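Here come two complexes built around subunit A, the first alongside subunit B, the second alongside subunit C.
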Partner chain A sequence: MEGEYSTDPEWASVTPIDLDDGSSSGAMPLATIAYPAEYLEATSYLRAVMAANEMSERALNLTKDVISMNPAHYTVWIYRAKILFALDKDLNEELSWLNDVSLKYLKNYQIWHHRQVLLSSKAHFPTFPPKEADFLMEMFAQDSKNYHVWTYRHWLVRHFRLWDQPRELEDVEFLLKADVRNNSAWNHRYMLRFGPRDTSLPDAGMVNAGDLSTAPTEKGKLSVVDEDLVDGELKFAQEAILRAPENRSPWWYARGVLRAAGRGLAEWEGFVSGFVSEGAVKSSHAVEWLADVFAERAGKEAEAVRMLTMLKEKFDPIRKNYWDYRIRKLDQAVA
Partner chain B sequence: MPLIGKRKVRFPNAQKPNRPTSLIPTSAMNPSDSNQPRPGIPALFTQPPPIRDPLITETIDLQNATLEKCLPFLKGIHSAQKDFNDHGVPALQRDLHIGYLYDALEDYPEGFVAMDASRPWIVYWALAGLAMMGEETTRFRERVITTLRPMQNPTGGFGGGHGQTSHLAGSYAAVLSLAMVGGEEAFGLVDRHAMWQWIGRLKQLDGGFRVCEGGEEDVRGAYCAMTLISLLDLPLTLAPGSQARGAGLESLTSGLPEYLSRCQTFEGGISGSPGSEAHGAYAFCALACLSILGSPEEIFNRHMDIPMLVSWLSARQSAPEGGLSGRTNKLVDGCYSHWVEGKPDSTEPPVNSLFSREGLTRYILGCCQGNDGGLRDKPGKIERGSKPSLPDRLECRKQQLFVLIFLEVFTMPRSGQCVFKG
Partner chain C sequence: MTDPNPTFNTERHVKYYLRCLKTFLPSAYTSNDSNRMLLAYLTLSGLDVLGVLQSKTTPEERQGYIDWLYHCQLPSGGFRGFPGTDFGSGKRNKDNEAWDPANVPATFFALVNLLILGDDLSRVKRRECLEWLPKVQRADGSFGELVGPEGSIGGPRDLRYCCCAAGIRYVLRGRSETGLEGVPDIDVLGFISFIEACQTYDGGMAESPFCGHTYCAVGSLDFLRRTSNDMKPLPLLSAGSNQSDALITWLASRQTAQLEEPEEDEDEKQLEVTDTGSLDDRVRGLPNVQPIGADTISCAGFNGRCNKYADTCYSFWNGATLMMLDQYSVVDEVRNRRYLLEKTQHLVGGFGKGPGDPPDLLHSYFGMVSLAFQGEAGLSPVDPTMGSSERTVRHLESLPWWQS
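Let's look at the complex of A and B:
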């Protein structure tokens, strides 16, 4: 086959390894793809240089070529990262190329792991490269809930200890201002405010998690509570709720905040009741909140059941089985 | 269905001259003629939710657009639907789905090059769908072995294709495919010793697993690793020379439940890695992994805050669509019917009675069936053209999964709860 690589003197020393799709056994392989000739050729050379573990400029260029044809080829990304470090390439140059690729293939996630591999090199990135935040905001402008980008951003925060960097919270607030329902941004905010910071311990979504001596119900509870911070976060959540009371995100954020502080849901009873006046319920989450408050209060179980019944019959009937389960649990507790 | 000769994979709407004509009365075929839902459909599944905030943001715009596309399907008045029962639910198009799955095992045109690293998955999804449809999968034994043999690496595990680095997801799909076709030769293909050593090299000090050497660590890796260890009956001892063993861990399961516990978030759900957002697909992986590690009831209670988890799981379902979303404030998507609903049936309350099965039935049968077989995540994508663009390709890949989900949801015996018969 005459191709870009087979006719290139730079590649003359390499014997490509042709694709083995198994068909030499006589049986027909399944889910085969009619690969374009250029892809077949490039991947044949890729198999050859990878088998020889070649760390070279030409192999680096080859990885870029394969990525341009199939960015979901995870193997080529891992090989590329190895070559970049072996040849001590300029990683900032790699990052700027990666920015373009990322914007082109928004759903690809090999890209984000590759980026993390680069940034985890303390030798190359002893401190946080500030342009990183700008680029992430560019990504969020395209897809504000991109799971891989948020996962990467969380990793950055922990790796470079950015919890108290003003930029982190500013970006979260910018995104929540644009869309107060961006649950990914709420999650990031929780991790900035209440996530574990002791990097000598493995990472966790909540403090106290994964410690066998602590019950799962204790997850998220801080040992030292900054009450001013907690009050500020509760106020922030209340303001968000007032903008859109049926938005689940700030309600659950507030539950997370109160849990972290070891404070009960009851302190919000007044605020929450405002959304549940007779005849004009403005938020199903407020009804659920009151149900939880009453469920904890002796003698108020019937009121809790009334709230749960409202959810079951009127405001969230698709979840009937869940509300029934909650009601059954209360009945058991009373009996 | 004959298996002689290779067929090209069909595409939705591509050259299908003899599409069966609809059995719906003409008056109900065109939504513009009548916007009234078909009789027998409760208002819950045709009306917007009772509380809607006036504030419009991008999240709401997307939800509204999705709802608009779903409504004609939910009301049973879309021209592509047919064979309704008395409850206004269109029938499962069994033959079309089976045909679609057989086709999915054959040739793909060059536009599918992006799936070059996912071929074990295509094989697995299609075979699993066929198996659940009651088709005989053992007839693919020779072809499955032929397909997977070049993907296995001598250093252990299967990659996405010949010459590709071994990957836990690809190995999971490969081994499950071999299990479905069965037989000495199929089981003999797997180099268990090398697989055991390779999985040992993926074990991380925090208890989790990387998906491949040099790759990311997440709960997918943990679930796929435990599935392989369990199915292949691998020793739990960490192989000598693995980094984790050098660092003091003893077993492949050391610290694993604790790692999964650290993936629970303040919302109650479970994320892909500690600190990320709760997500249905990862919750499935984490809970399934725990269920392999121990008796679900005992191990869930030991490592998860159950009330919070159950609340979050239940909140994945919303009306009127009836389907599930993967995350808070994200869109309904058929694939989560697998990832979220498919959880082990042993939490309290049983997860299988946590959701509205009627809602899921209506969503999957009403909104997700493609005209030419296969299932889609939501209406409005597949119908659009015959030439596969990137989203269509991804969709197509997912569709195969949906047939599988579908069958998990609807064909398993469930004490007569499912009243909707085709």
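Let's look at the complex of A and C:
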């Protein structure tokens, strides 16, 4: 077969390694794909340079070609990263190429991990390159809830310790202004405000996750609470609720804030009650909130059941079984 | 679309899977080449759940498939995700082995595939594989995808790898240590700590809670629980704990009648807010929420995150997680079934991601298994953690290292 590589003098010294799908030894391959000829050729040269552990310019270009056909290939990215560092390539150039690839393949894990590997190099990026934030906003303009981009941004915050960088909160507020239902932006805000700052702890969202010796009741609570910060966040959530009362995100954000601060849901009883009166409900999430407040209060179980019944019968019929389950749990607690 | 008795078109689904098994997948799957072990699992398990794997393939074919799975096994233990990284025998050395590594998800799916095909795993390099597993675990308890250059752990910090690693340990360690003397276990306590720390303020799991990862978190713990009789109860899996309550609420909240991406203007619908007047006055000034008649909603699938629309595969991720927590009864089964059968089941067989989408292997399998959880006629019962038929798990438990 005459291919792009087999006819290229630059590759004349390389003997490609064909795909061994096992059929020559009698195996019956599973999930066989009608590979395009260009892919078969490029990957046969990739195997050859990988087998020789070749760190070269031509190998680098070859990885680009394979990535364009299969961006989910799990070793080609690692191989590419190794060559980039071995040849001491300009990583900013790599990032700008990566920007184009990311905009082309919006849902891909490997691209973002590769970016993380590059930015992890303290030698190349001792401090946060501000252009990163600009590019992420470009990605969010395509899809403001892109899971990979948010996960990467979460990593950036922890790696470069950006919790208090004004840009982080500004971008979150910009995105929430555009779409107050963007739950990923709410999550990011929570991480900036309350996420664990000890980077030796797991890279996750739980406040005070602790270790196995931390009592379950203490997990999720801040050890030191800045009450002004907490009040400010609760106010922020209230304003968002007024803009879209049926939006679940700020209601659950507020629950998370209260939990982190060790303050109970009852604190919002007054605010929430304003949403629920006989014959006029302004938000079903307020009904749920009241149900949870009453469920915790001795003698108020019947009120809690009334709220849950309202959700079941009027506002949230899809979750009828769930509301029944909640009602049963209350009945058991009373009995 | 308003068929009151939608049916699961068994014959068409069987045809769909047989086409995937016996003919080439279209070129568009090239970008999934490195996930062939996963695609193989979706195909084989699909036919197994449909109950036709034995009748529609010959013993020779099944042996050929088994041989291919072992063809993907590495001499040093574990499996590749696809034969594409194999340089051929004799060329592998210390300098290049990082480019042909064992892969955590691929190893798990290879083992499941072998079990589905009835293989006894006797050719699996069990000891080597279990020796490799701790090398893919990070100090914080999480798992990577593979061992890269200079023993580095490759792949993002990702709950998917945790679940597959726990699955490998479950399948290969079993209940008996025989033959495993001197093989170090993974750091189980660190692993549990990592998983528990992934629960976020709204009850879901992972940095940005998402139900595929939530499934993986709960699956990881369930795999551990299955082999350890002396493990202390885990709050996430214990009914009545705060963690478990929050998780169940989060999972139940994923069911939605929002089946497609909303029109732009609807999505951005927000009230004009005046910030004059007291908070109470402003609340009183809000419009009332209109009650929703139960008879106005016929279909409800699941989303993966808050404020997103439904997608076929989330009927599985959410449903399977609720199964592991023994709380599937909170699901609205009737509306989930109608969503799958009327909206995403495809005429040629298989399921698409959303209404009108063409079928693909992943959505076809997970849509079908969601129906299997609900006892759809003609489908075999599925183990939610293994993601394959209960038959497969019984076969696993008949293997020597499961006999305690």
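Assorted remarks:
The working rule: the second predicted complex is superposed on the first by the 327 of 335 C-alpha atoms of A that agree within 3 Å, B and C clash if a C-alpha of one lies under 4 Å from a C-alpha of the other, contacts with A are read in each partner's own complex, and residues count from 1 in each chain.
By definition in this document, a contact is a pair of C-beta atoms (placed from the backbone, for glycine too) under 8 Å apart; a residue touches a chain by one contact, two chains touch by 3 or more.
Every value quoted in this text rests on a predicted model; they were computed, and no experiment measured them.
Subunit B and subunit C, once both complexes are superposed via subunit A, clash. Once chain A of one complex is fitted onto chain A of the other, the partner contacts of A:Leu242 are limited to subunit C, with no touch recorded for subunit B.
Looking at the shared chain after the overlay, A:Ser284 reaches both subunit B and subunit C.
Residue contacts after overlaying the shared chain place A:Gly274 against subunit C, while subunit B stays out of touching range. In the superposition on chain A, contact of A:Ser184 is made with both subunit B and subunit C. Of the two partner chains placed by the overlay, subunit B and subunit C both lie in contact with A:His73.
In the superposition on chain A, A:Phe174 contacts neither subunit B nor subunit C. Within the superposed three-chain model, A:Ser144 lies in touch with subunit B and out of touch with subunit C [touch as defined at top].
Overlaid on A, the two complexes show subunit B and subunit C touching the same residues of subunit A, namely 17, 19-22, 25-36, 39, 43, 47, 50-51, 69-75, 78, 82, 113, 116, 145, 147, 150-151, 154, 178-184, 187, 190-191, 194, 202-206, 209-212, 216-217, 219-220, 243-249, 252-253, 255-256, 259-260, 281-284, 314-315, 317-322, 325.
Residues 17, 19-23, 25-36, 39, 43, 46-47, 50-51, 69-75, 78, 81-82, 107, 113, 116-117, 144-145, 147, 150-151, 154-155, 158, 178-184, 187, 190-191, 194-195, 202-206, 209-212, 216-217, 219-220, 243-249, 252-253, 255-256, 259-260, 281-284, 314-315, 317-322, 325 of subunit A are the ones that touch subunit B when the two sit in their complex. Listed in rising order, the residues of subunit C touching subunit A in the complex are 20-21, 24-27, 29-37, 39-40, 43-44, 61, 64-65, 67-72, 81, 83-88, 91, 95-96, 98-101, 103, 113, 140-142, 145-146, 148-149, 154-158, 189, 192-194, 196-202, 206-210, 235, 241-243, 249, 252-253, 255-257, 267-271, 273, 275, 279-280, 282-284, 286-289, 291-294, 297, 300, 305-308, 327, 329-332, 335. Remark: subunit B residues 6, 44, 50-53, 55, 57-60, 104-110, 112-119, 122-123, 126, 140, 142-150, 159-165, 167, 205-207, 212-216, 258-259, 261-268, 271-279, 301-306, 310-311, 314-315, 317-319, 322, 327-330, 349, 353-356, 359, 394 touch subunit A in the complex. Contacts from subunit A toward subunit C in the complex involve residues 17, 19-22, 25-36, 39, 43, 47, 50-53, 69-75, 78-79, 82, 109, 112-113, 116, 145, 147, 150-151, 154, 178-184, 187-188, 190-191, 194, 200-207, 209-212, 216-217, 219-220, 238-239, 242-249, 252-253, 255-257, 259-260, 271, 274-275, 280-284, 314-322, 325.
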